[in-house]
Every structure is written in structure tokens, then in C-alpha cells.
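Should a chain be cited, it is by its letter among A, B, C and D, assigned in written order, with residues numbered from 1 in that chain.
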Amino acid sequence: MSEIEFRRAIFEALDEELARDPAVVHFGEDIAAAGGVFAVTKGLAERHGERVFDTPISELALIGAAYGSAINGLRPVLEIMFGDFLPLVMDGVINQAAKFWYVSNGQGTCPLVIRSAVGGGVRFGAIHSQMPAPWFQNVPGLKIVAPALPGDAKGLLLSAIRDDNPVLFLEHKHLYGVKGPAGTGEAIPLGVAAVVRAGSDLTIATAMKSVHEALAAADELAGDGIDCEVIDLRTLRPFDVPAVVQSVERTGRLLVVEEAPRTGGWAGELVAEVAERAIGSLDDIWRLATPDHPIPFSPPLEDAFFVNAQAIAASVRSRLGR
Amino acid sequence: MTDGLDLYRGMRLIRRFEDAVQALFQKGEVHGTTHLYSGQEASAVGVCSSLAAGDRVAATYRGHGHALALGVSPQGFMDELLGRATGVCGGRAGSMNVIDLEHGLMGCYGIVGGTMAAATGAALAFSLRRQPNVAVAFFGDGTSNQAYFAECLNFAAIRSLPVVFCCENNLYMEYTPTETVTAGAIADRPRALGIATEIVDGNDVFAVRQAAASALELARSGSGPVFLEILTYRIVGHSRSDPGAYRKPGELDEWKKRDPLLLARRALVDEHGFDEAEVDRIDAEVERQMETIVENALAAPWPDPSLPVEQFAGGAR
Amino acid sequence: MSEIEFRRAIFEALDEELARDPAVVHFGEDIAAAGGVFAVTKGLAERHGERVFDTPISELALIGAAYGSAINGLRPVLEIMFGDFLPLVMDGVINQAAKFWYVSNGQGTCPLVIRSAVGGGVRFGAIHSQMPAPWFQNVPGLKIVAPALPGDAKGLLLSAIRDDNPVLFLEHKHLYGVKGPAGTGEAIPLGVAAVVRAGSDLTIATAMKSVHEALAAADELAGDGIDCEVIDLRTLRPFDVPAVVQSVERTGRLLVVEEAPRTGGWAGELVAEVAERAIGSLDDIWRLATPDHPIPFSPPLEDAFFVNAQAIAASVRSRLGR
Amino acid sequence: MTDGLDLYRGMRLIRRFEDAVQALFQKGEVHGTTHLYSGQEASAVGVCSSLAAGDRVAATYRGHGHALALGVSPQGFMDELLGRATGVCGGRAGSMNVIDLEHGLMGCYGIVGGTMAAATGAALAFSLRRQPNVAVAFFGDGTSNQAYFAECLNFAAIRSLPVVFCCENNLYMEYTPTETVTAGAIADRPRALGIATEIVDGNDVFAVRQAAASALELARSGSGPVFLEILTYRIVGHSRSDPGAYRKPGELDEWKKRDPLLLARRALVDEHGFDEAEVDRIDAEVERQMETIVENALAAPWPDPSLPVEQFAGGAR
């Protein structure tokens, strides 16, 4: 099967949707002429003309432009350069975009996508490394997509752009250079998790970069005779709870790994969902996340801060008493 | 809607609608809060009477007037205010958040500045789709200090978007005189961005209509956004719980002398050659219309809370 | 014991701290001359002069003013009129205030309080009724206080103002007119829950208006022979997890009631914390929250939307098989 | 710091510091990203050399120059950039977020516009405490379109806060020419609010210093905020990964002829009566200073990740 780079997968999804549907537009800071600070959109403006354009540093106006155009016939894809800047669009997302369909009583929809580079481990410090998903997890009407694998990134972005709801599409900075199977190149439905490794002793559910950490940990743990199932959640809103419950009913144990401060992250939500529904089948349930303080810049501090494969393996061993 | 009597009727309907809302509120039939438009009717009617098919309007929480001026069904709107199933949003929206796309009402926005964002976005759609329409944002004087104001004016200006920003300057932001917290003159702000800006007597519906027509034409021609500062006054409380102590002594009375309905009536008779009786007839018709509306609204069915609600457009996922 | 109105309790805390500490200032929209849209701060400006002042509608500048003055010697209390407007201050809270102490490596602190009226049930519709706590629950460095009882409101606000961290202080609109025991009038430590009703069959943990609903439900359930313990969390960040675990270890069952959309609310966090620590002692654990859609305006829809005493009692009965 | 040679030394230190950072970056000793200040030195040095004790500065992610001009220890700052325990923030902050209260640096702000918010708040504290200090916000031309800009200018103006807003106009916001996304002239925006505004040659340290001294005096006198537009140019990439293709042909070369260090050297020799040799000596001293700094920084200890970290100031709860 052919390989694709994560960055390229995003580009292809944008490029194809722009070509397919004249209602699709893409805008953001430095995305057109310069091709984006993570070089994701290089060449897109040349290919699609005025439907791909650079904007001022005006995040509130940008979300307004996205919302207002989405309810008037466009399918805007907005890039907010870093996830750390998403608080500036929260009002637009919460009070405009995510409410429109419901409050209008179904008169219209608000199909917009916000792409944003998120996550840490790249020495960008406390204000360019955050994981915004939890800030948005309590916003009804919003979907949150968080791919781990390049093939998924494309298929999920295609679906996000075609979706009639506002979608927050999170791209982990660490993954842009990762290559993986291109897959079919077709749309992949939102809200459906993927079992990326089958196993019987324990379910590890996670997303984005942490999927790769969990897979590495599972390899390591296999050596100790611990057989982990790894679920790539892919969509963080709505969660594919049935997929996780189904897995846990077999394995009896759930570890949720999240790249965000432990308290109030989405891992808590998933643990709660599973505990409520499957407490009878549960031998153990826990989460691993980052400490509850801002992300430190210094390499040794940052490395210790994030949950990596070693930390996952160690936690599993200790929780399983091995 | 083009003749003077129609403009008057539009304003009269708004005024009496607001009076009815106020009365229903006091009777406990309208719940929560409402922000009445009384005194500012010439703005909504003057602007909205100049719109073309397909134009879009973003109104505020003080949006009853804008909605009615757009032709939203007064019955459907009143039903909405009473939370009935027959309301334009099935009772989901209430006074502050009504949406009626069919009549060009993108929404009433509860967040100060939200209208400017929404209209800017609509204008972006018009511009990229080469659709010959204009988006209109209504907002107040106090909004000039809010983040969306500056960002949206700039965004609309650099992309020459077809949007008319209508700043209804009624001197107050809730209970605080706007001049006490605003540096410089509001109109100088769009001017500093090179945006065509005009200040108009907001209680003279003919003046507003004329200014709006020019503004809409200019915006529609592709030359970029236009800013209208519409000077007016709210002759009722900001919302239900208004303490009212903030007004300068005599100010309210002065403005009541310039009530847009009075001014319009005078102009119709003195300048446009209509009879007082014709105007009176409109008053009477509106009176009957409102009676029916209130009666129907009170009899309208409540929405059924046991109906399932989807989480997302297009199905559960 | 003397009684105090919730609204008055807030006033007294502000008034006393303004009098005690010249570094305390209070500002917001319409709070000074007009005394606030919920009439909480009436007379405060007359008593404390220029340290209580009205502002323009500039939420971003307001949080900036609060943050910048807090790290320069003031202890600002900022009112953001409705919790629904808090997204506009999120950037300042997340990227400035809540990071300052940690990133500065302890050079200074950022003692600020944001007061905000929150919650539904008062027919204010989708954009004046929300519960912002979940949007902020994943922000390290921030505390979130959410009183249910008038006496607590005063004591907790005193502590919030004296605290050296940014604190979000949530005032439920529905509670402003509620009266209750004034208590000692002294500061009440943040982060400490209160058992407001002792019981042995089930623990109900909740906050704000829902405490009153839970107490009413407990009364009703007592008639059925179900003995509920009710915990008023009082602080939502950090949670007093030990208090809840302790209770659950006795009762074996935990119901968390939250006034916010179910998915991604703080109830999930609490359920997860307890499940992780006490899964062995748990017979049952679940949550009750609102549906995952915006808050409807229409009275019958809104009434059905929120979790009230009847809904709590019914859920407990059904979950306990009574 | 008052004499011309000191200003030159300040600028030279910044330039060579940035060169060292760049070199360390290429060697893989500085991680993540950095935004160098090279070419803009006259702004930081001109402004900061005019500050009084207790004044506060909010700098951007492009803040090395502001920090050094404030007297932050270049060693401590370099250690911070390398993530060492001896850094001014113990390695927690890194290039973009340094705080050094002792030297008046409230912070370097990673959010565009954040400096304006922080400085406005500091000025509010000065004003209410009757403290005779001024807060300074540095920010770029692109920031003029961001929400904090307009809200903070208005807030500072209406409360007559002692703040000097220093807009370092280097023509670009990252890779986008600011003029392409900005309506009107930046300086007209504060002017529309009645804020005292001056435009100054930002590559002439003496001109900046003079303009800053007046601005600071005005702000300190209680007459409200002052806006300085400081025209300058960034002669290096925006950040590490700059594609560079956005510059107009020849532009960089033109600006290099007006390098603030060149201009200052020329002025010192031609107008202030110093010898070239004196200036050369400074260069040599800075060279040695930087060598030591780099050497020490590379040898500085790493922070210990196993140390416990409290969640909150004042203890766990």
C-alpha cells in the first residue's frame, strides 16, 4: 500500500474538497502566499485562487467570517495557527456556530471546520504546546476530530469538511512529518474509533500522538506477556463509547491516555462513560495524563511532563501488579 | 415596502408589538427578559425597507424591531416570545436569539458584537460567491468598544466586503452612558480605516431610509463596507430590570418630543400630503392586528418536551 | 443564627475585603453607578470610591486589566456579567493569568477573581444561561468556586479574594434571592467540600443550585427508605476528592449531579477520579446532567432540560431498583 | 544608561546575543523556535533606556531585545533559552515567555496583543495606587488588527492610564505584508481615540530615545496613554522556519544600509565626537562577554524533572 505523510494527507483533503465543491474555502494567517507555518498548505492558493486566502491577525473576525459564511452557503475551513490561540475563537464557536442549528430549530446548518496545530513535545513552551480539546468538550453541537495516522487524517478531514456541523480538527505538530499507509483516500466517518492493535488483557484508549506511544508501549508490554488492545479514538466529540465498552467487556481493564493536564481532560469523560455503563465488567480503570501545571520549556522538564511509551508501560505493569 | 405610509405602519407595528410584549411580561406570560426597541423604530424600518431579496440581517438581543421590519411574521415572533411551538424557532430561541432565514434574519445575537461577526461572514459568502447581496449588522454605541467591532471593520474593509454596519447610537450601554467609557467619536473609528461613514438622524425614518439606500447601493457596488451611525434613543428600559436612574434629567422628555412615530406622522401630513385620518387608520389596523396576535399567541400550543432532540445536524453522529 | 440573602453575602464579602485591603478593586460593566444587573453591588461604589468602577464592553481588555494589575500589586475582582461571556476572557485566563506563577518560576503571583452569574432556569435562553465551569476545568493554575448556600458564598468569596491564584467565582442566578444561615461570616477555605446531609445508602455530590435540588430529592427519597448523603462540592477546581471518596467508601454508590451538558462536564471528571481510586468499594456510580444540546428558551422545554429534584429522585429509584 | 556609547553597547549586545542564539540553534543547543530581534535593536534600547525605576515592560515572543535592554542578565536569559536550571525562569519559560520582575519585565507574551493587555493592567495598578510609574507595551504592526489592540487603547484612554504603546512596525506579520491586511494607517487608529501619537524612525536609537522620553514623561504626568509607531525592519527570519520569500526584491539590502548599529556608530563618530576606536572597543568587549555567556550557558545545569511541582501558589489547595 502506498505511504503518505501526515502533512500531505491534510493538504490532499483540502485540495480535493476545494476542487470538488465550490462552496469550500480555506483561510487563516499565513496559509496562502507562504503555505502555512507548518508548510501544510503550500501550493493550495495557487491551485484554488481566491478561495484560499491570507487574513489579518484577527481571530474573532475569523471565526465570525467562518460562522457567517457557513450559514450563508459556504463551507469554510479556518486555520487557527496554534491550538493555544483557540480561546480567542471560543465565543464564536460556543455562542454562534455550535448553537445555530439547534436554536434555529433546524432552519439551517453551520458547516465549518477549524484546523489547528496542537500538542507538545516540540520545545515550544507553555503557550504554543497546549491541547485545546478539553476546553471544547462541553460544547454541544461541536465535533472534535483528532487523527493519529496519516491515512485517517485525510479521510477524517474529508468527512469534517462535508459534515454539516462545526468541527474542530486537531493536528498534532509532532505528527506532521509522520508517514503511514495512505489507505483508500476516501472519507472516514466521524465518531468511529479504530482498534489499531487487538489484545485481550487490557484496553488502552487514546488519540493523536499518544496512539503511537501506546502502540510502542504495547509492543514493550507484549514482551512481558501483557497483551494490550489499543483503540485510536479518532473523534473526541462524540466519543465512540460503544467501541470502547465492547473492548473493555472483553479485556476487563481500561487505561485512557491523554495528552492534556489530568484534571478536567477528556480522559475523565471517557472513564466516566465506561464506568457508568460497564462497572460490572471492570477489573480496573484509570488514566494517564500530564501533570496539572503549564507545559515547561526545558527539554528534560518537557520530556518528563508528557506521557510517553515508557510511562505507559510502567503504569500498566504497576497497575497489573507485574 | 416603499411608500411613507408603509414606513409608518412598520414603525407603528413595532411600537405596539413592544407595548404588547411589555404588557404580557407584566402579566407573567413572557418570561425571562426582553430588550425592547421602542423609540428606535425608524432605524430598523428605514434600513430594512431598503433591502433587496437575499440580503441578510444580523440583529441584536434588542431585535424585535429588526425582525418585524424584515417581515418576520409578527404572529410567529410573538409565539416565539411566549415559548410556543408555533414560534419561528419552535420556542427554542426566545426573545434574544431568534433566527428566521426565510426573511433574511440570520439571527438575533446575545453577545455584544456578535452581529458584526455574523454579517461580516455573510458578506464574505456573498463576495466569494459573486452574489449581489449585502449583509447588514445592527449594533449599539456600546458595541464600539468590543473586540468584534474593530476586527470586523478591518476584515470587511480589506476584503471590500458588501456589508453595512448600522450603529444604533442610543447613548447608553445598558445603564452606563457610553460617552463615559468611549474615547473619541465612534464615527472616527471606521473613518480611520477608510470606511465610508455617515451619521444620520435615527428618529427620522425618511432620513434613515435615504442614508441606508445609499449605503446599501455603495456596498452592493463592491466598493466595500459602509458605516452608518444612527442617532436615536431608547424610550423604555434597557431590559426588564432597568433601574432607569442613569438618564439625565429631562433627557427622556426631550427625546419623546422627537419620537420617530410623531416625526413620521408629522412628515406624512405636512410634507407628503397624507390626511391625519389615513395615519389614524393605520394605527387602528395595527391595533386590531396586535389584538389578534396576542390572542392567538396566548392560545398557541406549547412545545412537547418529550420529543427526542438530535445532538447534531444530519443524525446522531 | 441570623439569615443572609445570597446576593447580600456576595456584597458583604466584596465590601469587607475592599475595606480591609486597599489592593482590592472591583470593576465590570454596570457594576458601579447602577449596582450591577443583578443588583449585587448596589452602594459599593459609593462606599469605596474609585476602587469600584464601571467599564466599557471590552471583556478582553478587562481580563488584561485584571491580569496586569494583579501581577503588579492589586487584587482585582472582575465581574463578567454573564458566564456566557466568559469565552471572551478565556485567552487572558488560560494564556496569561493561570500561567504566570508557574512560568515565572514563582517570581510573583496573580491574585485575581472573576465573578460571573451563571446557570439556567430563568428563561434567559441559550446564550444567557450556560454553565461555564467545564470550559475552564482543564486550566492548570485556576481555581473554580461555586457556592450553593448564602453563608458559603460569603466565606468562599472572602477566600477567593485572599487567594494568590486566579479564581473563577460562579454565582448561580437562581440563588441570588435565596436566604440561608449567615454562618460565622469568616473565610471558608477553598477546595473543601461540605456534607450538607449525612446518609448511608448513596452519596450525591453536586454544586450550586443542584445542591438544593439534591437536598429536596433526598427528602423525598427518605420517604422511600433511601438514605442519601449529599455533598456540596463548593469548589470545582480543585475538587475535594478525598471527601467524596470517604463518603463513597461508606455508601458504596455515587451519583454526581451537574447543571451542564452531560458530555465533557465536570461530573465526568469526578466520576473518573472516584472510579480510579475506589473502584473496589463501588456498587454503582453515575451522573445526571443536562442533554447535549443548547438550552431551550420555552418554559416547558427548559423545565424538562434541567435536572431537578424529581429527576434526581426518579433516577436514584431506578438505579437502585426501587 | 544615558550616554551614546551605552546605547550603542546595548544594541550591540542584543545583536550579538541574537547571533549567538542563532548559532546555538543551528548546533541544536537551542530547541523549539526563536524569534530574533535583529535589526530592531534601536527600538528596545531607545525606549528602555528612558525608563524609570519601577516602570514595567511587556515584551513579545520577539522579546530578547526588550529583556536585554531592560538589564535582564544576558547570562540568565541565555541559560533560559537553553532550558537550564539557572535560567531566569528556571528553564520553564524558554524563548517566548520569559518573566523577570526584578528588571521590570512583566513577561514576554506569546499571544499577539497580549502585551497590550498586560501593560494596560499594570498601568491600572499604577494609576489606582498613585504610583508614579509607566507601563510599556511592545508589539508589532500586525497586532494592530487584533482584538486586544482596540479594546486596550480605548480602556487606557478613558482611564488616562500611564502606558506607552510601542508599535514596532517592521512591515510584516510573520510572512504576510501587514499593509495587505490592514485598512488605513496604523497611527490613525490611536489618533481616532484622541491618543497622543507619534511616528519615529525606529532605526535611529537617538530618535527613538528622544521620542520615548517625551512619551514616558507625558504618560507619567497623568495625561493618558501615548502611542509610538516605531518604523523598523527585521533583518532576519520571523522565526526559525521562515521561508523568506515574502520580502520585496532589494528591500532587505536597503534596510541593511540603515542597520541601527551602523547608524548609531556613524552618529557617535560624526556627531557625538567619539573615536571609531571607542566603538570598536565596545564591539570587542561585547564579543568577549558573549563568548563567556555561551560557554557558561552550555555548561549550566539542567533542571531536575523529579522535583515536585505545586499546582497552586500558596500550597496544594
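Criterion: a contact is a pair of C-beta atoms (placed from the backbone, for glycine too) under 8 Å apart; a residue touches a chain by one contact, two chains touch by 3 or more.
Note that the structure is predicted; figures quoted are calculated from it, not measured.
Fewest steps needed to get from chain B to chain D, stepping only to touching chains, is 1. Chain centres here are means of the Cα atoms, and by that rule the chain farthest away from chain A is B. Averaged C-alpha coordinates give centres for chain A and chain B that are 40 Å from one another.
Centres computed as Cα averages put chain B at a distance of 35 Å from chain C.
One simple way to say how far apart two chains are is to compare their mean CA positions; for chain A and chain C this gives 30 Å.
With touch defined as above, residues shared between interfaces to two or more other chains in chain C number as follows: 55-56, 58-60, 84-85, 88, 91, 95, 99, 102-103, 126-127, 140-141, 238, 291-294. The set of chain D residues that touch two or more partner chains comprises 90, 92-93, 97, 109-111, 113, 145-148, 151, 154-155, 158, 180-182, 309, 311. In terms of inter-chain touching, the protein chains here all touch one another pairwise.
Note for the complex: chain A touches chain B at residues 25, 50-51, 55-56, 58-74, 91-92, 95-96, 99-110, 140-141, 143, 163-165, 189-192, 238. Touching chain C in their complex are the following residues of chain D: 56, 58, 88-90, 92-93, 97, 99-102, 106-107, 109-111, 113-114, 116-126, 128-129, 131, 135, 147-148, 151-152, 154-155, 158, 309, 311-314, 316-317.
Against chain B, in their complex, chain D makes its touches with residues 145-151, 153-155, 157-158, 180-185, 188-189, 191-195. On chain A, the positions that touch chain D within their shared complex are 29-30, 33-35, 37, 39, 54-60, 84-85, 88, 122-128, 291-294, 296-301, 303-305. Only residues 31-33, 83-85, 87, 90-97, 109-113, 142-143, 145-147, 173-176, 180-182, 241, 243, 245-246, 302-306, 309, 311 of chain B touch chain C when the two sit together in their complex.
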